[in-house]
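Both of the next two complexes hold subunit A, though its partner changes from subunit B to subunit C.
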Partner chain A sequence: MLQFLARRLLVAVLVCLTVLTFAFALTRLAGDLAISIAGPNSTAEDIEVVRKAYGLDRPLVTQFFDWVSRAVVGDFGRSYFFREKVSTLIFDRLPITLTLGLVGLGIALSVALPLGVISALREGRPVDRIISLVALLGQAMPSFWLGLVLMITFGLHLGWLPISGTGTWQHFVMPGTVLAFSAIPALMRLTRAGMIDAMSADYIRTARAKGLSRTSIVLKHAARNAAMPVVSIAAVQLGFMLGGSIVIETVFALHGVGFLAWESISKNDFPTVQAVVLLLAIIYTLLTLGADLLNAVLDPRLRAA
Partner chain B sequence: MSRWRSWGRNWGLWLGAFIVGFTLFVAIFAPMVATQDPFAQDLSRRLVPPSWMEGGRPQHFLGTDGLGRDYFARLVYGARISMLIGIATVVTSGIIGIALGVVGGFFGGRIDDVILFTITARLSIPLILVALAVVSLVGSSLTVVVATLGLLLWDRFAVVARVATMQVRTLDYVAAAWSAGCSQPYIVMREILPNILSPLAVVATLEMALAILLEAALSFLGLGVPPPLPSWGLMIAEAKDYMFFNPWVIMVPGMSLFVLVFGINLLGDGLRDLLRTGRVA
Partner chain C sequence: MSALLEVEDLEISFGALDAVRGASLEVRRGETHCLVGESGCGKSVTALAVMGLLPSNGARRAKRLAFDGKDILGLDEKGMSRLRGDRMAMIFQEPMTSLNPAYTVGSQMAEVLIRHRGASKRAALDRAAELLARVRITSPGMRLGQYPHQLSGGLRQRVMIAMALMCDPELLIADEPTTALDVTVQAQILRLLADLQKDLGLAILLITHDLGVVARTAHRVSVMYAGEVVESSPVDRLFHRPMHPYTRGLLSCVPVPGKIRRDQPLGSIPGMVPHVTRGFEGCAFRQRCPLTRPDCAGPIERRHPDPDRDYLCQIAPNEMAAP
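Now for the complex of A and B:
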């Protein structure tokens, strides 16, 4: 167990370091950062001043180690555009994105789990086919477009929900639903596959032979074993959802980290972009790490792997 | 029962193939399908509704956009962008992912560890955010979007190619090739690659659908295909300001995107079922 833990931790740390390097390299893609920061109408002197002010005149290796040594202690420098510390900017907006992600995951699970179980119990029957078809339809839905359609329908015509902003819990219903759509098909398929596997296992036959009720077999025996891969995928999906929230936050004008990222990208505010890329990668890595550990605790067989 | 099921499967496969084939046809023969110029503006005829709605005009089948451009022509030329992005991205990411996956699965050991780590690191990188940042930094163009998506979307190809290679590597015909003294490159190219292509075909459809959706999202956020090119995502972005009074302006490109991606997914699903049953038989 300890060895498994150490190995997984090592990989997680290495992934974070790789992304750290990647985030640095990403912002140097355009060539001269100073020109981008100074803006299109700046003179040669302006650019020179910017280059000095942001330390861009130093050798690239020095800049890199400077950014890494600061980033590992949570100092991402100051935003070029917002004139504020990047860490403050992000942590002010993180709660909104996390709320959105968790609402999205909650909706996704509450739709995907029952549908997956029903689909598995009716494997190959029309109900199963219809549910699979619905999953395919959901998968094909462009999230930003779905957001706009919901805004027109529930915001404008029916007037049930607010169109944009973050004031109340109602503000999270539409964005959360849209975000959930991206995760439902994967979660549902996995639940279905897991349930089909579990239902054909020996211990289910034993349970049947013992004369347990169908409800008890499905809920107590099969669902518990089918849940494990779903836990991993749910963690991964939450990571993807937090990354994908950039589109939905922009559509619904939710001022979370995704919206911040979009603003800073369009304003050439590279310290902020770098920091958000890194932050999302770290969250994703922690989520998958957590899911792996949880699974190892639940299923001792995995620890050897 | 089984006949009903196999009909049901083929039904999805054929519908998917029809949608994709039809879109491809429209994309290739766009100038013949749409007789109007998708770029010509006519400010005296802005936001004309589709011809079957009140106030529609027969010469603008799907109406016009906010700049008075013919919506049908823009939709038809937009199919070109989506198909081009989808196919070009799949080719790029497919080459990268399959190369990585086959190398990892074939050699195993340390090399495989490195490849597995590369896949893990790639998965941790937020896709849309990085794509947006790259396009914003390098400048938006069709080529940049394809290159960016191609460099990002190889993970599933790599995962599937790796596992499939591991399975094929241990099979008798590969052992036979070894004992016949075939070289490593020969075995990889002639014995392994042809035998892992079918699961990769399914991945290709998934990635194509994803690439088309991502391009639309990037263009929607203003950092994808640059205007005035008629990308469906860009059309939705341009129509957003009018959507509360003229909902059809976002319905037309949105539904097209939805149907195309659904078709590609149906095709992929159908292929998967076909291959699965084929393997059992």
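Now for the complex of A and C:
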């Protein structure tokens, strides 16, 4: 188990270092940063001044190591656009994105898991077909459109939920639901497939031969074995929700990390862009690591490997 | 006293396929009853039908299916699940996949006693350890904490046996428990079953296609062919004087020391098991039978050459030459 943990951690660190390099390289490849910072109407002298001021005249390798050595202690410099420390900027917005992502995942799981299990137990029957059809329709719905429909229905007409902002938990219900919608079909299909597989396994016949209750057979013996692929995909989905909630953060005016990423890219605020990319990579890596660990808890065979 | 398990005219079908057509058998208390026959003749599905464990595409009908004198044909899943694991237990042909990979041996064994007896986890684990020792597994305490993948096939089958014994069942159904294991392990497992049967007074329905096993363990034998029980007899009389031509064919396939028949290759009854679908008439063995006659295509009579014995054939006992 310790060995397993050490190996996974090493991989995680390597992935983060690789992303660090890419994040740096990408912003430099996008063109001459000094020109874009100085703006379209600046003279050659202006650009030179900017280049000096931001340290862009130094060799790339020096710039890289300078950035990395600061980044590892959490110092990403100051934003060119917001006149604030990048770290402050990000950590102010991170809670919003995390809350949104977790609410989204929570809603997605609480819908997808029961539906997937019911579908599997009623395989091929009308209930199964209807659930699959609804999931397909859900997947086909664009999230901005769904967001607007929810806003109009529950926000404007019924007045049950606030339309924008982040003040209370109610603010996260609609955006969380919209986020969840994109994750539900995949989670549900995997749950269904995993449960169908597990329910036809020999050990389920054994469990029945032991006279165990239906609940124990389905929720203990089958679900545990069906859970692993679901855990892995749930981690990936949460990653998507955290990194890819730009549209939803915009529609619902939630000023989270996704919104920040969009702003900083459009403003050429490269310290912020670099930091956001790195942060998302770290979150992805941590999520994958978490999923691996959870799977190792679920499946003893993985711990031995 | 009635037999512990009574099966009368059991029929099992999968869609248009009639896998079992009117099979009857009785397992008495404290007795080992062997069910033999070629692959595909319906042994496993018969056992599963008795346990109420047929896959969902299979249907069962019977004139009578009774356990301890009480009808179990009419029991629903809930009623059956109260019997299974408690008074009747089953072990399977596939020891490698029959245990849940995600739970320890101890937890899988303990849940049987917790379910049926409301035992505490502690008490159930103690009982599990005791039974692991009983099936001759060394350091049972350590094994309780292990996962199936850490055990060999032979050990897993022993665990399955021990698990089946958790609630002291009266009937143990063992479906080819040794087929997937290597020869030395096979012998150990069979000896273990025989010992348990003697010590615990267990009734065992043992499915096998190994007549050597039958000779060593059975009190009574039922021979199945294409979904029918074609002969049923106490073991000594079956070996001494097999009645049904199929049984005779099976026995001649076994090399008996000093009685080796050089004129017949070992292990072969010429021909193939026919595919039996709905509306099939007559004896299913007739195409392969050396004694076949025209009336074998009509309805077949069940004959009783002596009490306790029967076979399904047109040829009367006195017409049947000694083998």
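Note that in this section the second predicted complex is superposed on the first by the 300 of 305 C-alpha atoms of A that agree within 3 Å, B and C clash if a C-alpha of one lies under 4 Å from a C-alpha of the other, contacts with A are read in each partner's own complex, and residues count from 1 in each chain.
Throughout what follows, a residue touches a chain if its C-beta (ideal position, glycine included) is under 8 Å from a C-beta of that chain, and two chains touch if they have at least 3 such contacts.
As the structure is a prediction and not an experimental result, all values here were calculated from the model.
Novice: Both complexes share subunit A, so when I overlay them there, do subunit B and subunit C fit or clash?
Specialist: fit
Novice: So in the superposed three-chain picture, is A:A44 touching just subunit B, just subunit C, both, or none of them (first/second/both/neither)?
Specialist: After superposition on chain A, A:A44 lies in contact with neither partner.
Novice: Subunit A residues in contact: does subunit B have more, or subunit C?
Specialist: B
Novice: For A:V73, decide between first (touching subunit B), second (touching subunit C), both and neither.
Specialist: neither
Novice: Using the touch definition from the top, say if A:A207 reaches subunit B (first), subunit C (second), both or neither.
Specialist: second
Novice: Quick one: classify A:L158 as touching subunit B (first), subunit C (second), both or neither.
Specialist: In the superposition, A:L158 contacts neither subunit B nor subunit C.
Novice: Once chain A of both complexes is superposed, is A:L2 in touch with subunit B (first), subunit C (second), both, or neither?
Specialist: The answer is neither, since A:L2 touches no partner chain.
Novice: Quick check for you: in the superposed arrangement, does A:V61 touch first (subunit B), second (subunit C), both or neither?
Specialist: neither
Novice: After the superposition, pull out the minimum Cα separation from subunit B to subunit C in whole angstrom, please.
Specialist: 11
Novice: Give the list of subunit B residues in touch with subunit A in this complex.
Specialist: Counting only subunit B, the residues touching subunit A are 1, 5, 8, 12, 117, 120-121, 123-130, 132-134, 136-138, 209, 213, 216-217, 220-223, 233, 236, 240, 243-244, 247, 250-251, 254, 257-259, 261-262, 264-266, 269.
Novice: Can you list the residues on subunit C that touch subunit A in the complex?
Specialist: 51, 53, 77, 80-86, 89-90, 92, 94, 97-104, 111-112, 115-116, 147, 149-150, 160, 163
Novice: Within the complex, which stretch of subunit A touches subunit B?
Specialist: 11, 14-16, 18-19, 22, 26-27, 29-30, 36, 124, 129, 132-133, 136-137, 139-145, 148-149, 152, 156, 236, 239-240, 242-244, 246-247, 250, 258, 261-262, 265-266, 268, 273, 276-277, 280-281, 284-285, 288
Novice: Quick one: which bits of subunit A touch subunit C in the complex? Just the residue numbers, please.
Specialist: 201-203, 205-214, 216, 221, 224-225, 298-301, 304
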